[in-house]
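In the two complexes that follow, chain A is the common piece, with chain B as its partner first and chain C second.
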Partner chain A sequence: MSEAASQAAAQAAVRVEPAPTLDNALAVGPVGRLDPRAKLVVVFAYSLLMALAYSPLMAALGVLLGLGLVAWARLGWKVFLSRLVAVNLFTAFLWLFLPWQLSLGQGAWDLSLAYNPDGLSLALLVTLKANAIFLALLALLGSSPVNDIFHALAHLKVPSKLVTMFLLFYRYLHVMRQEYQRLRQAMQVRGFQPGSNLHTYKTYAQLTGILLVRSLDRSERVYQAMLCRGFGGTFWLLDHFSWRRADTGFCLVSGLVLLVLALLQWSGISWN
Partner chain B sequence: MELIRLEGVSFAYSGRPPVFQGMDFALSEGQRLGILGPNGAGKSTLFQICLGLLHPQQGRIYAKGGLCQGEKDFRALRRELGYLFQDPDDQLFCLTVAEDVAFGPLNLGKGRQEVQRLVEGTLNSLGLGDYGHRLTYQLSGGEKRLISLATVLAMQPKALLLDEPSTGLDSERAAVMERVLDESNLSWAMVSHDLGLLERTCHNIVRLEGGLLKDLP
Partner chain C sequence: MHISEGVLSGPVLAGGAVISAAGLALGLRSIDYDKLPRVALLSAVFFVASLIHLPVGPSSIHLVLNGLVGLILGWAAFPALFVGLVLQAVLFQFGGLTVLGVNTATMALPAVLGYYLFAPLLRRDGKTAPVVAAFAAGFCAIFFSAVLTGLSLYFSGEAFLGAAWAIVAANFPGMILEGLITAVAVMFLRKVKPELLGMRPRVE
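Then we have the complex of A and B:
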């Protein structure tokens, strides 16, 4: 190796920033260090239990548990609140529509809107359940890098086609976002201002169309690149998980809590 | 020894004028060929035909003297000819750098330990030793380009098909790439607009024009 060249290589190496390990994860706390496989299993069981819960008290317990997990994961208030608002924009519609009942009379236009208290309690139940699941997902899955979650899915024997699809989807989501931003900028520098008019709708339709066409082209090139490197159907993953005692403990405690919740729900104790 | 030869190849994308009509091309071991040509001259198309990614309407493709007829023949050929894509975002489809570099060697059936050594060795040779755990979508354009080269080199090919390899590289990284290529015992065909790059890295240069390869005037 010539001296100048090795210096160039050394300089190129020096400019490297330290490799961030949790760069697309939000958490720094103990939850972030848990094995993603343990977190996936627990969050799956928890979501199932919450989805099946039918009493508001049970769902409220779930929300409390979820809040505890979020606090334990130390995600930061800003992220937590912004996502909480996003989820509850959807549940707000339930509160808007569910408490009203439309009743049909004799005539074709004989409609009346009546207040329905059952709808209100249903809206409450769904809101609590949705938030309980969302909080647990945020605390447990949001605290691991996305790629680790995908790897954990593969290790948990989720079909490899599905995992490959997730991996490629996440990889190219970023490329598509960049492409979208470039197109938006190209529109902006030519004076495009979105409004409620046909021109805007047409432009957005074209933008969407171009993104679709480009994605199709790209998918062909990516497949070619995979073929060039001998792709034969296997999407390889490199192992880098290590199960620790804390993970076993986490699974045991979570299992116990879930069992107690399930017993409370289905043991016939009256909640009313 | 001749690695690849195209004979009388004609190719057209559907509904467009032909890119090649009766074109010949060959690359032998030990050869370092530069191909200069304007945009849209069919430089990338040429490489894609060589590797069986596009199929010509006419003409034959020979790998090491044997006629390539189906996907199976091209699979074998792709082990020997590494293709560096023009857009690194096409080439880097894994989430982490180490996985991407390991993808090819694992497909070739190498053992995990050997693959790990290959990945580390290849990244080190490009001055990217500590990039293994980086996420591919967070790299800069130049970094992506060098990692793309690493993914190709890790398959230990005999020759490379390089499609505009210096695009997006700053002068330092371009120097690293030129050094690594120069110190290797690889043969290659390199496509570029950059005559200076071709003159520094290639033994002879041809021009792709009007669907034919011609000697430089």
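Then we have the complex of A and C:
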């Protein structure tokens, strides 16, 4: 049997799990063309402001702004909806628990439950805030390739050792993932069926062990290759961004919006 | 086990950021430049392993492995877990930028604690001490992470008390599973690559 034919046979025998790509697509819209440094600064300031917001109206404004950004970034519905669900699993969990006041009695296990209407409004506030920040993150960070964001961090003076680690981590994440998928496929070919049993857990533990051993061996070769190319503690960056007028405009407008929001929040206007 | 954005109060977020910044500084200082690729690649494996979902009854649990991270990396667990959390925020918008500090601290502090408490026992001769220590490291890492997550919720508002208890309770199967996985993985590494656990390499 030719190699291609045997490969095809192996693939037919094993159902290969579809693996989501571990990178962001560059957004087609104008947001994709913005400088990642500008996006990082704005999204950080926005997250901070929203995290400290305490009025539901402010958080609702944040959600509207976030929705606008997502629409502007044109990332596609599929990505948007699947991540929206993932983020709101945690808030749904809070909706389950927050409306009930749990109070501790005398003994450690002496708990009592009572309905707490304040908890309900807290759940609403938290959900709005979480979604407002998620939407902005999706629109601004989800629209740049991961490597661009890490490079932008370096240009924003994040310590170089940390950035070097980010870049190496991200580069070899894909390699180690492929390694994992190859091993996983080999296990499936040999009839491995995961289930809730000790055999499954032992097998996965050993799989993790093998991956660790291989990554250690590979890291030595990687370091030697880096030494060959003159690595002496400085990891030279190749991406340098060019700041455009649109980036300045984006920063100015965002700064203005954030300032207005902050003033509204802390100027003592009653929201209720 | 991480908290999403918008839930925690300002002081808790700030506290988490300070603890993580200190841990990151210590962790990065503990990594020499010649060990940087090693820590980065090990972090990559831990990230890949955390994407694995293990079947548990009708549901499934994904691995965290912060116990194993701590046993192998010590203080470098802080940067190792931090890069993973940053990538999750950038890729899936899971967790975010302002909660990075709290989420890193809740996962990395128990890892470092396990390093001091249990890593020396792994190098003992015989089987019992290493197996028990590794299981305890995996178990305690998840337990303390759940407790710290619960506490950061509770310190953000007393209304979160019920949710905090629920998080600790819900993570109980995970604690046992992680203990088991950590124990088997450690015994595997002792045989195959003892230097990962700070032991002398095997002489062929």
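To be clear about the criterion, the second predicted complex is superposed on the first by the 237 of 272 C-alpha atoms of A that agree within 3 Å, B and C clash if a C-alpha of one lies under 4 Å from a C-alpha of the other, contacts with A are read in each partner's own complex, and residues count from 1 in each chain.
Just so we're on the same page, a contact is a pair of C-beta atoms (placed from the backbone, for glycine too) under 8 Å apart; a residue touches a chain by one contact, two chains touch by 3 or more.
Nothing here was measured: the structure is a model prediction, and the numbers come from that model.
Which of chain B and chain C touches more residues of chain A: that partner is C.
Judged by the touch definition given at the top, the superposed model places A:R218 against both chain B and chain C. In the superposition on chain A, A:L168 makes contact with both chain B and chain C. By the touch criterion stated above, A:W243 is placed in contact with neither chain B nor chain C. By the touch criterion defined above, A:W266 reaches neither chain B nor chain C.
In the superposed pair of complexes, A:M226 makes contact with chain B and with chain C alike. Touch criterion met: A:L138 reaches chain C, while chain B stays clear of it. Counting contacts by the rule stated earlier, residues 23-24, 146, 168, 170, 172, 175, 218, 222, 226, 231 of chain A appear in both its interface with chain B and its interface with chain C.
Those residues of chain B whose C-beta lies close enough to touch chain A in the complex are 48, 51, 53, 75, 78-79, 82-83, 85, 87, 89-91, 93-96, 98-99, 102-104, 106-108, 126-138, 151-152, 155, 172-173, 175-176, 179, 183. Every residue of chain A that touches chain C in the complex is listed here, in rising order: 22-24, 43-44, 47-48, 50-52, 59, 83, 86-87, 90-91, 93-94, 96-98, 100-104, 111, 113, 116, 118-119, 122, 126-134, 137-138, 141-142, 146, 149, 159, 161-162, 164-166, 168-170, 172-173, 175-177, 180, 194-196, 198, 200-202, 204-206, 208-213, 215-216, 218-220, 222-223, 226, 231, 233.
Remark: chain C residues 3-8, 10, 13, 24, 28, 31, 33-34, 36-45, 47-49, 51-52, 54-57, 63, 65, 68, 72, 79, 83-84, 86-87, 89-94, 96-99, 157, 159-163, 165-166, 177, 180-185, 188-189, 192-193, 196 touch chain A in the complex. Contact residues of chain A toward chain B in the complex are 1-2, 5, 8-13, 16, 18-19, 21, 23-24, 146-147, 150, 167-168, 170-172, 174-175, 218, 221-222, 224-232, 234, 236-238.
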